[in-house]
Each structure stands twice: as structure tokens, then as C-alpha cells.
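A, B, C and D are the chain letters, set down in written order, and residue numbers restart from 1 in every chain.
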Amino acid sequence: MCLLRSRLTEGKKVRCDNFRPMVNKLFASPEAALADIPDGSTIMIGGFGHAGMPAELIDALIAQGARELTIVNNNAGNADTGLAALLKAKRVRKILCSFPRQADSWHFDALYRAGEIELELVPQGTLAERIRAAGAGIGAFYTPTAYGTRLAEGKETRRIGDRDCVLEYPIHADYALIKAERADRWGNLVYRKSARNFGPIMASAARCAVVQVRETVELGALDPESIVTPGIFVKRVVRVAPSMRKAA
Amino acid sequence: MKKLDKKQIAARVARDIPDGAYVNLGIGLPTLVADHLPRGREIILHSENGILGVGPKPAPGEEDEDLINAGKEPVTLLPGGAYFHHADSFGMIRGRHLDFCILGAFQVSVAGDLANWHTGGADAIPAVGGAMDLAVGAKKVLVMMEHLTKSGESKIVERCTYPLTGARCVNRIYTDLAVIDVKPDGLQVVEMVEGLSFDELQRLSGVPLRRLATAA
Amino acid sequence: MCLLRSRLTEGKKVRCDNFRPMVNKLFASPEAALADIPDGSTIMIGGFGHAGMPAELIDALIAQGARELTIVNNNAGNADTGLAALLKAKRVRKILCSFPRQADSWHFDALYRAGEIELELVPQGTLAERIRAAGAGIGAFYTPTAYGTRLAEGKETRRIGDRDCVLEYPIHADYALIKAERADRWGNLVYRKSARNFGPIMASAARCAVVQVRETVELGALDPESIVTPGIFVKRVVRVAPSMRKAA
Amino acid sequence: MKKLDKKQIAARVARDIPDGAYVNLGIGLPTLVADHLPRGREIILHSENGILGVGPKPAPGEEDEDLINAGKEPVTLLPGGAYFHHADSFGMIRGRHLDFCILGAFQVSVAGDLANWHTGGADAIPAVGGAMDLAVGAKKVLVMMEHLTKSGESKIVERCTYPLTGARCVNRIYTDLAVIDVKPDGLQVVEMVEGLSFDELQRLSGVPLRRLATAA
């Protein structure tokens, strides 16, 4: 055959490039893994409380400098570090979360009262399902949650069977920053206890999922029955040693 | 009359949870129920951040930052427990797999509407968490709260004045004064504390109540 | 307190009773586990090919005698045993599946051509998502699958972002008959390889999920990180020894 | 001209799959592609019944009835592979996580409509499997088929006469005669077999084709 030209892999949908010789998604540092995040990105950040919070990736995002971000997280930052520090640095335009108000959410509270941050408050299960819908290619879904409440105002509703439902749309992201326990070079992940929380669904909903892990293992070392996030959802893995975690 | 204290309300709720039930305890007051579950019953607690089979608080020094409940307090896992992600966890809730959830409340209406997430203040920063999912999801929604506000008004109301968490979702209300079922045709008093008359409970509540018909 | 009466557990929603002293979902035999299936039930049957097919439960369903069944399975029976035998016995009114036509689907083919069975043909991913939606309490969802095809005729559509979508509704079932590898008395399950297929979602979508397993283990013996179906979705477990499997 | 046989078409498709790609091979003809993936490339095969990292056929006697592909043939799992359930598997597909899927076809239209599940016969028993999900889900949909039907008609058509699997979903067509891209403005020939002229290909295809512009 006379090969004229092969342009098959140049499709613009492949934004976060997987294709390297011998699949290897391991990155050397949080900084390297987040270097290309542009201003205006939508970024999901995993974690519920400290469990699953990718502290070192958030620190690297703060150092990286991207602005006008839209953040998706269950909360809106605690005390003065992590997401709260990102908010304090005025790098966040909008936040989608279920539970912003906490005893130590003072940076969010101040920005919110000053009108300097937009809040989209989403019931926690609807937040999870909207993220999952993005990852699973669902266009929209009807949920009974929040029907008849202030959080459903202005939304389409429909009675289905014995339940009144609200129409909700997926939340897609450009990047997901999550934490897992262990990964291999294909990006297969396992988590630890309740630190799993939003990690698997956020990885699936982002064009580029970046994962910090405590340990990397050889390909084949993870039990295929127990892999929670298959590597197809993961673009970049950074090992953050336990000692670094404590120091942070 | 002898009002129940918080622990006594929790113990009263706990008595109604049968063996083998799957139960979610809302953050705050309802978490007390865990301490009063009757011995000899195997009750499986769900935490919406991805745990079934939540066990008791860890011993001091044994806390694990990766093992917390929905209130972000350290917990343990019972043998037979399991971890899962948030979408699966709320699928369990929304899909009506939990037998009971137990929630605190600002107000409950005669129709079973629940208000427990927002005081309605214009300046208040809202936060909802999983309350709206639990309100529509569990097979039975149990509310535990004090019967009266600090200023003496009934928290059981004709119509909620605070923003709703869910409409027509509450099945039973446990207060420091009484246990009241929400029925399609109104509120039905199941129990009252010692020394409280039905008429007094009716007066304090300010909404129509009726007694549970008993075998005469 | 003066207890008047406690009727809390009598709610009619709890159809498949969980509540026994010391949760124990283990049943003695497939027959015992299926004894109460009434005529007219909707029954999901797991499996894809032989992988995950609950052969002994299907045999027990045939022996049990329930009629006018609606069956949900990926296929419509092969050769002369299992689901095909149930069809042949004219116990199935309707089948929902993605791939009925196979080289050895002669019993289905004959019933279908004779107009003696109703077929609802569902794309495989839509079948899986409709089952998952039932389990997860989703009222309905929009999917791009089948838009513009014969299988979307008469269905609501909507353009969402860059994709035309079709509105699809959940598939609920009265019973699910599935196969797993290992269970404990709470009904926690792990599967084996690609035999996992429809098991986890069917368990979640049925009021009463009945599982045949190769092995039962003590409570606590399954790794909580690796449990695929938490026991909350499972009502009845029957151990079917490998030797029985071979004999079937 | 030298028509390609099935294996040669499969080999030609395989050449276009880059290192690190996630790929689903439809049942039938496309499964041949697995045998021709270039050595030295790490390509991760997905099977819609819940496998990533599908490996080669097992040695005789090593088959495992719990480890089969979407065509229900015994397979193996590569190190790094994983199992998951059907909803997760089709979430991967529908959610556009697969880089490529490779499907057989009865017909492909100039607009990229695909017909591959139903001959349209009134008496035919329909069966769709995962084809409609793959057609809308993969980032790139590649079709491999013979260029002409047994009676010599083009399978590339102005409008599909068979029932559609998906509308405007095909990105590239590999036949025994040519490789053709489906572009928003029409079909563009990328390659032809030795000895076949563009005019002859145009005549056989019966729909407007154009040559890929090359540096003159």
C-alpha cells in the first residue's frame, strides 16, 4: 500500500496526551505534573476532610499560579492551608461544593461575604452523581434529591413513578487532583479506607486526572480484582513519600 | 414531667432499630444513637463518605486519618465492613437501600416536610452536605430533636418557615417529650414522657395531634 | 416512657425481610432461596456467556414453577439448558436483553417468531445503565447511545452539549439471580474475573438479590477494600459447591 | 490490483494504533487486529464485558470460563489489567475514554453513519449488543469491512439503507481496497491498494471521494 499520510492520532479530542513509548504515567514531582494548567481551568480536588485530600498537589497548584479557577470539592477549605490557601490567594473564581460552611472555613466565608467568589451549592449525592455522569458519558439525569427545596429552584422537574425529580447535568473538569494509596505505571489505583471518597469518580470526569500516591508498584503487582480506578482514567501519577506527607 | 435529655432521646431511637437494619446516622445529635444500640442486635451503620459497617470510636492514639465518618470524626470498621466511593455511597442512599436514616431538624411539618440545613438568614452561608439525599433516600426517615426551640416555640409546625431539606419525607419524630408518627392523615402520638398529658403535648405543639388508637 | 406500640418495622416497603437474629443471609439450598417467587415477577439473571451465569439458581427457578415472568439478561438463552430451558417451558412473558440472536438461541427464536414472547431490545450499555439507575435511585437519564436509530424511536430526545441524547428509564426487578465467587453471612461479595459482569448492578436493582457462590467465608475474611458488592444489596446467599457446578 | 485479505486489513488497521492507546475491538472481523498489533507498542485492549488489558488467547487446556471477551471467546489478562462491572465498563465507553474502537460494518454513509447490527429484514431477529454504545462512545471509530458486497455493490453509500447503529460516528474506514477518512466535508482517500487507480476506486464506490492533498 502506498502510505500517503497518517494523521489518525492528531484528533483534537486527545488533549492530555497518553502516548509515550511503553506507557509510563509516572511524573517526577507535583510541579511537573501540574505545569500545564492554564488560567480558567475547572479543577476537581478529591478528599473528604483530610481523608483523600491531595495536599501536596494542592500546594503545587498554589505555587503554579493558575488563576480564575473553578474548583469542585466537597468543602470550601479549612483553616489556612490547602484549598483554603488557594482561596486566600484569590485564585478561585467559583466553587462547586456541598458543605462550604465549617467552623474553620474563614477564608471562604470572607470571600463569599465580599462577593468575591461564586458558590454553586450542590447536595452531596447530586455532586457525586453529576461527577459520575460526566465520567460515564451521561447527558443529564433526574434525581429525587432536592425536589421541592431552594436548591432545585429554576430547575426542570418531572414526576417519575412515585418520586418527583429534578434534572441535573454532569460536571466535567479539565483536571482532577486526587490522592490514592498505590499506583502502577499504567495508572491503576487502589485507595485506603474512607480516603477513596471522590477519587474514582473525579478521575473519570476530568480530561487529565493527576494522582498523588504513597507508593508505586510494578505493573502486575496490583490485584486485577481489587483495582478501584483502572488506569484508563488516569493521566499522571506522582509519588509523594510518607515522610513528605508528614512534613507538609 | 420528665423531659428526656439528648442521650435518652438517642437511646429511645436506638430501641426502634431492629436487628439487621442498615442505618445512616446524620451528623450532630443522631451520632449519639450509635452509643445506645441495644446489645445483641447486629445493626450495620452506613457513613455517606463511603463506609458500611462503621464501628465505635477508636481508642485514643489509634485514630486513622483515612478512616472517618461523615462528621469527620475518627471511627473504626467492623468485621464485614466495606469501603466504596461517593457515587456508590449515595446510590445506596438514593436507591432506598438504607432501612433508616436518623436526622436532626430545625422544623418538621405536619406533612412530614423537613427543614434542617439552613436557618433562612439572608447572611447565612449555606451548607447542605448529604442531608437532602438522606431525606429522600432512606426507607424510613427518623428525626430526633428537642420539641421546642429555646424560646419555647414548637419545632413541629403547620408549614416549615425555614428552607426545606425534603418534602413529605419524615416518618417518625423523636423529641424530648414524645414519639410522633407522621401519617398521611396527620400526626399520631405514639408515646409521651411520664407526667405529660396529651392535652399539654397538644398545647405545646400547636399543631393537631391525635392519639394512637389502642385496644380499648 | 409508656410504650403504646411499635410498628416501625412493618412498613410495606420492606418486602424482602432482612431482619433475623444475628444477620445471616445464608440459605440452605437454591430451592429454599427461591421458594417465594410469585408468578408475574421481574427477574434479573446475571452472566455474560457462561461467565457469571447462576446455573443452579436458574435450574431451581425452573423447578419452582413461577410463570408469566419478565426476564432481564444480556442474552436470551443458549442451547437447551439454563435460561433457554426456562423459555422452552413457556414461563417467560417478556425478555429485556441486548443480544438475543445467537447460533444456539433456537428456543428464543421459535417463541419470538411464534409471537409467544415479547422482546425489548436494549443496547448493552443502556441496559447496564438502566439497571444501575434503578439501584442508585436515578429517575431517568439521557444517553447518547442509540440516538438516531430504530431503538430510539418513540423516545424523548434532547441535545445536550455536543451530543444528541435519548431519555431512558430505570429497570427495577423483584429478584436478581446472580453468581459470585465468595460471600460472608452479611452478603458481602467478591466475584471472579469477567464473571463479575452484571452481578453488582443487578444486585442493586432488585428488591431481593439471590446469590450463588462457590465459597462462603467468615465475617471479616473478605478484604473491606476489595468487596465489590456490599451486603446491603444482597438478601440471600446460597453456596453451590464446585462439584455441584460440574455435575449441573 | 491486489485486494487485501482479512488479515491484511487487520494488519493495516493495527499499524495506525499508537503506543499507549486504549482500544476496543468489536466482535467478528475486528478481533483479528489483536494478532497484528506491532511489537514494541503497549496497547491496552478493552472488552465491554468488564476487562482492560486483555491478553492473547490462552494455550489449549488453559481456558478459564470466567475469563472471556465480548465475543465469548477465552482470553487472558495482561499484567496491569483490571476487572470491573458492566455499568463501569460502558461508562468507560460512553464517557469517551477509549481512544479507538474498531467495528465491522454492513454499510457506512458519506456522513459517517454506521449500519452494522441489523440487515433490516422483517423476519430477522435483532441483536445489538454493545455496538451502539461503542459507535457513540469511542474518541475515534474505525470501521473495517470489505469494500463491496458479494454482489459487487459498494458498502460505502450515500445513505445507509440498513438500520443505523449510530449517526455521524465513523472516523475512518479500512477496506480491502482503501483507507478512507470521513471528514465533515466528505470522504477523503488516504491510501489505495497497489494497482488500483483513484478513478477505479471512485467508480467502484459510487459516492464522491476525494484524494488527500499531498505536497505537489
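By our rule, a contact is a pair of C-beta atoms (placed from the backbone, for glycine too) under 8 Å apart; a residue touches a chain by one contact, two chains touch by 3 or more.
The structure presented is a predicted model; accordingly, all values stated were derived computationally and were not measured.
The set of chains in contact with chain C as well as chain D comprises A. Ranking B-C and A-B by contacting C-beta pairs places A-B first. A straight line joining the Cα centres of chain A and chain B is 31 Å long.
In terms of their C-alpha centroids, the spacing between chain B and chain D amounts to 54 Å.
Annotation for chain A: residues touching 2 or more other chains are 129, 132, 136-138, 143-144, 163, 191-193, 224-225, 228. Counting partner chains per residue, chain D shows two or more touched chains at residues 77, 83-84, 87, 90-91, 93-94, 137.
Pairs of chains in mutual contact: A-B, A-C, A-D, B-C, C-D.
By the touch criterion stated above, chain B contacts chain A in their complex at residues 47-51, 64-69, 72, 77, 83-87, 89-91, 93-94, 113, 118, 123-133, 136-137, 163-167.
Of all the residues in chain D, the ones that touch chain A in their complex are 4, 12, 15-16, 18-22, 42, 44, 46, 52-53, 77, 79-84, 87, 90-99, 137, 139-140, 171-172, 179, 190-194, 212, 214.
Across the interface of their complex, chain D is touched by residues 1-6, 8-9, 11, 13-14, 18-23, 132, 134-138, 184-186, 188, 204, 219-220, 222, 224-225, 227, 230-233 of chain A.
Residues of chain C that touch chain A in their complex: 129, 133, 136-144, 158, 160-161, 163, 165, 169, 190-193, 223-226, 228.
For chain A in complex with chain B, the residues that touch the partner chain are 48-52, 98-102, 105, 108-109, 112-113, 119, 121-129, 131-132, 143-151, 163-164, 191-201, 228.
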